[in-house]
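The structure follows.
Per-chain numbering from 1; labels A, B, C and D assigned in written order.
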């Protein structure tokens, strides 16, 4: 029998090793797998390369992972949202590396990594500092830059419902990067609000088919990052 | 108000011009928009470049479009299914052009065309005759061929339900190429089994958002290609 | 020079930009004043708003009690979804942008050059944290890029300039600019005044612009 | 030489191939004998079958009255979907293939060379209609490529050869071959017999093979 369900967040993140590349779902707090991130902080892996659109808020979740000095490098599009305190501070001190990628190029690089496309051309960033050092190619009269697919050792994502095959559906704009990260990671670890029997999810509406998922942990009542930030909480 | 619904298949295909590139959904008969194809035969446009996985069956639908000498060139992966009579005959006589593309490369080229990706690398076809003349690039120790995005003037596709915004859902494996073709065509023309009010389709389950759709015609009781083929029918 | 006290306020700038959005348009709104455009769709028109974090059919802010922290816009503010909306993932969302399916994007700006070059992501200050978000994707992919911006910076420097001094977001991408003082088109002859805000005259705008304006 | 009368029949070949598919594997089945593999999942195992026309969780043929002409496999035959299945579009489907998410693919073959080269799409005859389908994508992307094929052609020519004479589908891609006569691995030393069909001996297989075999 196939059963991707596991019993604790500790077990879920147990294999994440020092130096691993970890894609973390979420756009701001929407879709941020905060319990998995906190378990990763507890687990202790360091020198991580983290891929996320942002760098977290306040002193919880992704920001706490960074604040606890587990992240050597961030690959993201927008590292300084409102309430982003930790990353800007470390970056200014030169204590964390940043690879800044336009948001659509980031999404497409992750999707390419998952789809077995090693590289593609895009018009995004042509003529800007972010295209510096990149190969430029003229195709049908327009310039495009070459961008490479992005893969990861692990993905940590959050969804609304999952079954034991690892089929997933999401909630509203919390979907964001999760489906492509699930494709691009060697091991995809999911926290779900609800765990449902196989057959409950309509095959027409599954967003992430189980083939892209390795481990599912149920977190029925997930923390809300904005609530924690507003309360001034920090982790651990 | 936005209303993409139109009133007849004739109106739906009226603008398709001689020499147009037309993507036609369907994998075999599943998802084949047979009423739209028949309307296109009646309309008379010729010298078409048609993109479809196959070349149709018997003497109806896509096969009939070819048999009526409206197609100058087929771009497809598998032109000789069971019951494919028309294309092989014309091809053997040298009266129709063929661009043979591996199925996954075909799907990805269409998706790239719709996603604004002018070109990408893939390992598919490396070392085979289908890679001849194509740029090969070694990336991280493996060879890949360069493939170009594919766009079209028109797409003809079939779905299960549509609303006036052009949001679509499909039936089972009839989905196949339709969502990417809708993205890649300048004008996407859809035949739907059901036309539903805006708000009826769950935003979480829409497969093709209306932004990719231009015209929707309701065909409540579509013909089945296999039934017509088995009955020995031909069109017109 | 202090903040403008004549001309359009932020809501009016958004409202003016909304007037130019035709029925049936697919529109993406940048962070800041552009977000307000969603409120001002003209009577008799339907406009579908796209937010790059995965929603087509974005509505305005939710009523109290209706908030969902997982239903937000690109500025991470709480929004709603209209009937007929659709959710999708980030790669699909940027396919809509990169693939030129979005008709109009309304963005903020730090500088716009008279050839349409846009700078809106970085001052180039080596001490600043660079953050680009989806801006470069939007300007590269969306058919029409309009800008809403104060005509001058808080310190009074012109934002409409001969040539951008800040790093570019995209080259020759801007079509029209809505400032607190005027509506201005980017044309082959340079910035051309389309409309002046009430109580504002050409010279007043020219004084606050970094290059020669063309009159309407 | 006429058709084999000893060895495994087509159902037994499919059954033998199924034995090597572990619990939890994601498996794509080529057209022809490989399609039959879906019937032979071993007791106690769950295997998820992928069909490249957009379904993960493919089941066997439908019961009479349950057919849907829009629920078919890559061979355009009517199939079913198991509970826990998922439908998706063609580009997503081939992302699973090209992105190496499918564990095993079982394909038919015209020729397999001892280095694992596979030819299964074209005889190279200039008068024939070339048709490749998804074969090149599968061999380039799937982790393990197994082949089910008759050991020799209808005319009695070996299909397991020193070097393919037909145009290649992929280079050095095949891992294991299930024929009517034997199970054979592609190894650094060449074709190696893993198992002989009942009543078949090594010499019998060697006689019908286009290069030297390695004994088990």
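Assume contacts are C-beta pairs under 8 Å (C-beta built on N, C-alpha and C of every residue); 3 or more make two chains touch, one makes a residue touch a chain.
What you see is a predicted model; the values in this text were computed from it and never measured.
Common partners of chain A and chain D, by the touch rule above, are B.
The chains that touch chain B as well as chain C are A. Centroid analysis (C-alpha atoms only) places D farthest from chain C. For A-D, the equivalent interface among the listed pairs B-D, A-C or B-C is B-C, as over half of the contact pairs agree by residue number.
Chain C and chain D, compared by their mean Cα positions, are separated by 55 Å. The geometric centre of chain A is 34 Å away from that of chain B, both derived from CA atoms. Separating the CA-averaged centres of chain B and chain D is a span of 28 Å. Shared contact sites, meaning residues of chain B that touch two or more other chains, fall at 108, 111, 115-117, 122-123, 170, 172, 203-204, 207. For chain C, residues touching at least two other chains, in rising order: 55, 81, 87-88, 91, 94, 97-98, 141. Chain contacts here follow an irregular pattern that is not a line, a ring, a star or a complete set.
Pairs of chains meeting the touch criterion: A-B, A-C, A-D, B-C, B-D. Those residues of chain B whose C-beta lies close enough to touch chain A in the complex are 108, 112, 115-123, 137, 139-140, 142, 144, 148, 169-170, 172, 202-205, 207. In the complex of the two chains, the chain D residues touching chain A come out as 23-24, 26, 44, 46, 48, 50, 55-57, 81, 83-88, 91, 94-102, 141. Chain D makes touch with chain B in their complex at residues 51-55, 68-72, 76, 81, 87-91, 93-94, 97-98, 122, 124, 127, 129-137, 140-141, 167-171.
Put simply, chain A touches chain D in their complex at residues 1-2, 111, 113-117, 163-165, 167, 183, 198-199, 201, 203-204, 206, 209-212.
Listed in rising order, the residues of chain A touching chain C in the complex are 27-31, 53, 77-82, 87-88, 91-92, 98, 100-105, 107-108, 110-111, 122-130, 170-180, 207, 224-226.
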